[in-house]
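Next up, some structures in structure tokens.
Paired with chain B in one complex and with chain C in the other, chain A is shared by the two complexes that follow.
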Partner chain A sequence: MTVPFNWSLALPEIVLSVCGLLILVIGVFQRKNASGLLCTGLAVAAFVATAVLVLGAPSGVGYRGTFVSDDFARFAKLLALTGAALSVILSLDYNGRQKVDRFEFPVLILFSTVGTMLMASSENLMTLYVGLELQSLAIYILCAFARDEVTSSEAGLKYFVLGSLASGLLLYGISLVYGFAGTMEYGGLRAALSDNAPVPAGLVIGIVFVFVGLAFKLSAAPFHMWTPDVYQGAPTSVTAFMAGAPKVAAFALLLRIMAGPFGHLAPQWQMLVELVAICTMILGALAAIPQTNIKRLMAYSSIGHMGYAMIGVAVGTEAGVRGTLVYLATYLFMTVGVFACIMAMRRNGRPLDRISDLSGLSRTHPLLALTMGIFMFSMAGVPPFSGFFGKLMVFAAAVQSGLWTLAVIGVVTSMIGLYYYWRVVKVMYFDAPEPAFDRGARPVGAVAGAMGLVTALFLLVLGPVTGAAQAAAAVLFR
Partner chain B sequence: MLSLGLLFGTAVFAPLLGAIIAGLFGRVIGDAASRIVTIALMVLASVCAVAALATGLDSGSQAIAVPVSTWVQAGGFHASWQLRFDTLSASMVTMVTVISTLIHLYSVGYMAHEKTPVSRFFAYLSLFSFAMLMLVSSDNLIQLFFGWEGVGLASYLLIGYWFDRPSANAAAVKAFVVNRVADLFFMVGIALVFLQFGTVAYDNIFALVPAHASSVYHLFGSDLRAYEVIGVLLFIGAAGKSAQLFLHTWLPDAMEGPTPVSALIHAATMVTAGVFLMARMSPLLEYAPVAKDVVLFIGATTCFFAATVGLVQPDIKRTIAYSTCSQLGYMFMAAGCGVYQAAMFHLTTHACFKALLFLSAGSVIHALHGEQDMFRMGGLWRKLPVTYAAVWAGALALGGIPPFAGWWSKDAIIDGAFVAGGLGLYGWVLGVAVAFLTALYSWRMLFLVFHGRPRVPELADHAHESPFVMTLPLVILGIAAVVAGWLLYPYYVGERQAAYWNGAIFNGAENHVLANLDQLPALITLVPTIAAFLGLGAAVVFYVLKPELPGRLAASMRPLYLFLLNKWYFDELYDLIFVRPYRALARVLWHGADEGIVDGSATGLARLTAGGSAQIVRIQTGSIAVYAFTMLIGLLALCSVFLFFG
Partner chain C sequence: MITQITFYLFATILVLCAGMVVSARNPVHAVLFLILGFFNAAGLFLIAGAEFLAMILVIVYVGAVAVLFLFVVMMLDVNFNQLREGLQRYAPVGAAIGVALLAELIFTVGRLKLVPGVQEPTLPGPQISNTEALGRLIYTDYVLLFQACGLVLLVAMIGAIVLTLRDRPSARRQNISLQHARLPADTMEMMQLEVGAGTDALGGFIRPRDGYGATAEPIDARALPARRSDEKLGA
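And now, the complex of A and B:
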């Protein structure tokens, strides 16, 4: 609050927004039948430049206390930018083959990412809402991007209707909080809640509404029901994006407001988060079992992962937040990698998404099968892959705080999860081979391979990632 | 010294080489080559063993260690691969290699009609011999245990050699399991030895024995002398291998193996291991009088039990098997009396005539194409003259008719029991009774098989004398059965025994049994011989003069006859006490614990999971209204929880 109007704090967001506008203009003046290569390349360049700016951004609060830049925000932003850049790279080939390679695609992802970054940096419930809406609106459009396809349109519409409901709940919650606390700034809220006066019921209801609004974005049970339908219906390039960066942002937001303004009510909302986390883990594990569609399977898998990551939120300690951040980092890479593999599933020009299409992949595409296998093992939490360390950290945090129920349910659902992850491996390695897939594109293979390497060798970067997550978590508890 | 070590080492390891060559490469080099290699190496081993024994006796030195390599070096526990050369081990090695060589040779003829390649059989035979050699030549208890277990393994393989016969497999498993039970006690005994002395090497143990004589174990509120406990445990181990009472049930069943195997088990390897262990551990046993009494009692009882059972068995091999069991009882009786020398003496002479008898029985069975029932034989002496002569030699030796081998050694034991006094008198009474029974069942067998008229003419008509490779061992062993006692008596128990054993066998300061053997009244020493002649006479009456008498006797004393025929009902008793309860328990654990609880919980959980997943997927209808409704329900639930419990 020392400098009321410090432009430089939001420099990365400003640069990214301007880049988005520029690319839009360039796209408009392009020839009608030009490929999306130029705009995609520019978008990736913009992401990289923004990431560099994020790394060098100063810390502080600006814009009359609506915007904050700190280690936590930077950690979340870097993850979001990485996820967005990777999904843009992946989308190029897929969209081209699906004939949906319009230049708006990277621009929409770019604006969605701006919203994500705003969310991570929010210091005011209004910033939160604006960022969330900016991100969501872009994704609504993206879901319906393959507008000639019924499933894509349906997915967009479903997500839009339910998302609007969630936004309404969130907005209603914010207004309740404002009504009872008299402020929307996190600092003010924190101060208002820290005195020992009894908390008014309206404020409590407001907090629940806000939580529910965010839980919808996280696809936590029982607000998850849109996830499988939308993941399956949307173009895979969009699903790859949706499953990554926005989740990270929503988590960043949840962590920030739960630990920040509502931190003093932790004993009360902890049970809430615990309850939702347990529901989410159990649902993610059980509902995935009968799935035959790989995208739907990944939707439930992502629901389950959100449940595990939520354990760190429920714990509400620094170790818990660190665990969640590490979990999100590993989750992001695994998810992008899996969707890269799914994009490689294509026969005679048509995309495939049934699990049985993977039969005997180890013989037709040994490298692809190996990479997919790594992701499956990692998602199941098998050491030494990255997924193991994320799980280990959140479970350890839960045990340290005495939340045995969470840890035990987490372990049990992980074991159930083994079943459907390993079923994919079994199909790839032990079933009779299907005909080979079409030749894949370089970038997709490269991203899948790189993500596979990161996942398999995560042990090597475990130290730095944990260190950064630790620094980010420390900010919230200062 | 080097040459002695080399000779001794060759004697021990040559059979191993044979086993490896024939076992691993038998298919490659063929049956004939396998036979030649194993036999050649056995001959080499025998020659080396004899040479080593002669050299060692010449040099007159005490125990010599022949290091092979280190084995275990863990903290305070040391065990090395090291051979121990002293008279005890050398005489055992000589006996084992020579007998085993003859049995190898005999097997060439006996196994000639096998349909499958016999390289495996010869490999097992050599392995069996090697394990036994390892056992007797070891320098510490751990290495002895290695050989001990090797013997168990090889016996299992050989008893079950005809693996397509269920009865052979059952017998092999039975032998292995009974031995394992005994081995458990043996292992505890070894562990206690290590705890007591901090070492498993013989030299160190024997040096420390006098110092620890007073240590006790406190167990169940009573004080047990450590040596008594160790002694009894080691004896139980020995009783398992040597088929003493309560652990003898495997031995008759082991007849399921080919006859050369029976000969090997009963003469050279396996069953003599227990007797050897008693002699080897004599420095410790001499300090454990109660344990010695246990040995004496069980030995004498086994001796009597087995002889009575052997009296009524119709199967030629089983008769000889029970005879072995009985003779081993004599040996343990001697060990229990403290005359280990006599035990070793009887062990050696018994090896000669028991191998002879088994090989002869094999020759008869071979001639009759597998017939083993003596009541289907008869009048074979014209057809099988060499075998007939061999059985006569064996029967004379076994029956204890002077001056044949058994007479010397058995008399030494029976006299020793009388001299020892106390419980020894129990042994003496039974020993004399058994001398009578032994002669009776020996000639019962001989007369039933070779005399009278053929009971099944078509079998006898086709009988023919065995080939030369089978009769040669019979002749050699027959000569040994005649002269071994007379030749070896001075060395084993006679005036030159102290020089011969040269400290390998220890007799306590108060143990004068051996020294006083000669001072027995002549009448007492004559009693066993008289008993043996009476037995021979009875056999002549029962089976030559009045062949209808045994049947009438059996009919008039039917309960007793059945009791003996069914081997004192030991198998049935064990079945009742151990096998059935164990099986019932296993069944409960299988159906109840494993299938019910372990599997049940797993399948139950799986069913629960599958059911849960089916329910959850059911609500995923695709309808936005349902989704929104679910969200609102969730919101309501969370609000309620937060308001009422938060």
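And now, the complex of A and C:
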């Protein structure tokens, strides 16, 4: 027991949790009709403070091998905090207009982010599970937040039931792994599995179950059924959050355990991950074509993106992990931006979500149309925009490792994807204009514009982001 | 010997109970069998020397979860026969999944072989009860996870409140300043009654003139449900 406990490693998580508790108390004691502004502002401040702490956090393993802080965790945490802060800012106006501006909203997003950070820092399968549950439980509640709308309640219930099933599978997998390897610490697992002795079949089954549980959270292809309904039914402010930060965290987790403790078993699981990635890419491309609802379209688009990002996991090399991390960074900014644009779609006080509602947007709201167009082209992977670089990196990693099938299918599905993204742009620029939208709120416009700038000028920050991703990826392969 | 007999006793009853839980026609019986099953599982834990888990099983599962089930079954008007409708259609799928899981279990247990180099977990000495041993672990080594579990429960609590608490503006809450400002004259009325006249002859009970319908927040009178007819008597 001479290993130091390293309390200070989890300082960002502790600070964020305490802030969450304080905001909860403030929210309970504020006046009945007070707007959500105070709690939202405090939550954003908490996110910023935590991000500063994350930047300065020391590296190391603490809490008796249940928690790790390294470059990889910091990268994922910063992305998650950014996504959460942006979606909290976006939610303020939307929730106010939808009459769901209760103070619990930012508090739940905050606790969900604490779970996300725990996941990113997990060094033990138990931390993984607890973090995942904390994150998911908050999101189940958020999905049903507009409780007077039947679609929102349906989304919450559906996600909850299917999510519990996935948690069960994950837990079953974890127990199998623990039963056969005798430890849940990643370091111990890695050491136990690095021997060349044959691996027990039960352990492989356990790994498959763990992978399936995480693939569900990522909405990868055979486990994607919940995604369109939940994305469409949940309030847009919640969809904007759950499409961003939690996906990043689940991916961080997947990368960490697949490349870390189970890295030596890559030949055993690589085929499975490849298959899932291929299914996900194809489904994301084909199922999105007939959609008429922009939120459903974004759900399928997000499924497709998860498929591309999973190529990096399947490759299982440092270049692959780096590609996935860069992909996730670009994906996060694009997604937040697109949902900011969707939130601006509102006529006579009612939110709109059909693609045809965007008709002639270029004449009524030229700036909004331009921003939306940038996101669409970026998601399709058209060169000067950020989405291109993410795709390029994962495809290049696949080609380097000789996984030509993955790269070729990825390029083909990107081409198909271009069709449905282009359709949105066509509706905005070439169809007869519909009446103008309501005047949008300033924060929503600002976030959409800022994300548009990041997406369009990603080339300028490509160097630093890739460098950070490289440093993060290197940690996993030490 | 006696241990084995008790083990088989508990185990047999447990398996029978589990069968009854899914096959019992009356849902209340199913929940009661579930409770009996929990007790037997607790017995098995006791035999294995895990007295803490046994007590937790009884307290949490029997005391809280199963009773909650019972409440739900008895209070909610769920038509269980309707729920059973698809049984025959879905039975093959369920059976297939069950067989697959069973095959996996047999497969893994049959070739039970740990990863080489795994140490057997060391048991705490007899001087430490396993409640104490668990307590030492969760409050020291695993304190981070323990606190995170606390947050999970807090989020669940927030969720229950967010999703169900309805702030009804028509609720009649205690309004302390109004109560303090009350005078006898506001609420009492001295009447001169004729001899022999009953309540009916006088038009029924007199209701308070004002303050009777006072609500927590001023509300739109049209939004209120119509008063019952007997309340009009005093007006």
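Going forward, the second predicted complex is superposed on the first by the 474 of 478 C-alpha atoms of A that agree within 3 Å, B and C clash if a C-alpha of one lies under 4 Å from a C-alpha of the other, contacts with A are read in each partner's own complex, and residues count from 1 in each chain.
Methods note: a residue touches a chain if its C-beta (ideal position, glycine included) is under 8 Å from a C-beta of that chain, and two chains touch if they have at least 3 such contacts.
Keep in mind that what you see is a predicted model, and the values were worked out from it rather than measured.
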Touching A:L275, do we find chain B (first), chain C (second), both, or neither? first
Quick one: name whichever of chain B and chain C touches more residues of chain A. C
Using the touch definition from the top, say if A:G182 reaches chain B (first), chain C (second), both or neither. second
Could you look at A:I205 and tell me whether it touches chain B, chain C, both or neither (first, second, both, neither)? both
Go through the superposed model and pick first if A:Y63 touches only chain B, second if only chain C, both, or neither. second
For A:R350, using the defined touch cut-off, is the partner it touches chain B, chain C, both, or neither? Pick first, second, both or neither. neither
Chain C-contacting residues of chain A that also contact chain B: 201, 205
Can you list the residues on chain C that touch chain A in the complex? 104, 107-108, 111-121, 140-145, 147-149, 151-152, 154-156, 158-159, 161-163, 167
Using the touch rule from the top, collect the residues of chain A that touch chain C in their complex. 10, 17, 24, 32, 63-64, 66-67, 102, 104, 107-108, 111, 114-115, 118, 126-127, 130-131, 133-134, 137-138, 140-141, 144-145, 147, 156, 176, 180-183, 191-193, 195, 197, 199-203, 205
Chain A-facing residues of chain B, complex: 609-610, 612-614, 616-617, 619-620, 622, 624, 626-628, 630-631, 633-635, 638-639, 641-643, 645-646
What residues of chain A sit close enough to touch chain B in their complex? 158, 161-162, 165-166, 169, 201, 204-205, 207-209, 211-212, 216, 221-223, 225-226, 228-229, 268-269, 271-272, 275-276, 282-283, 286-290, 416
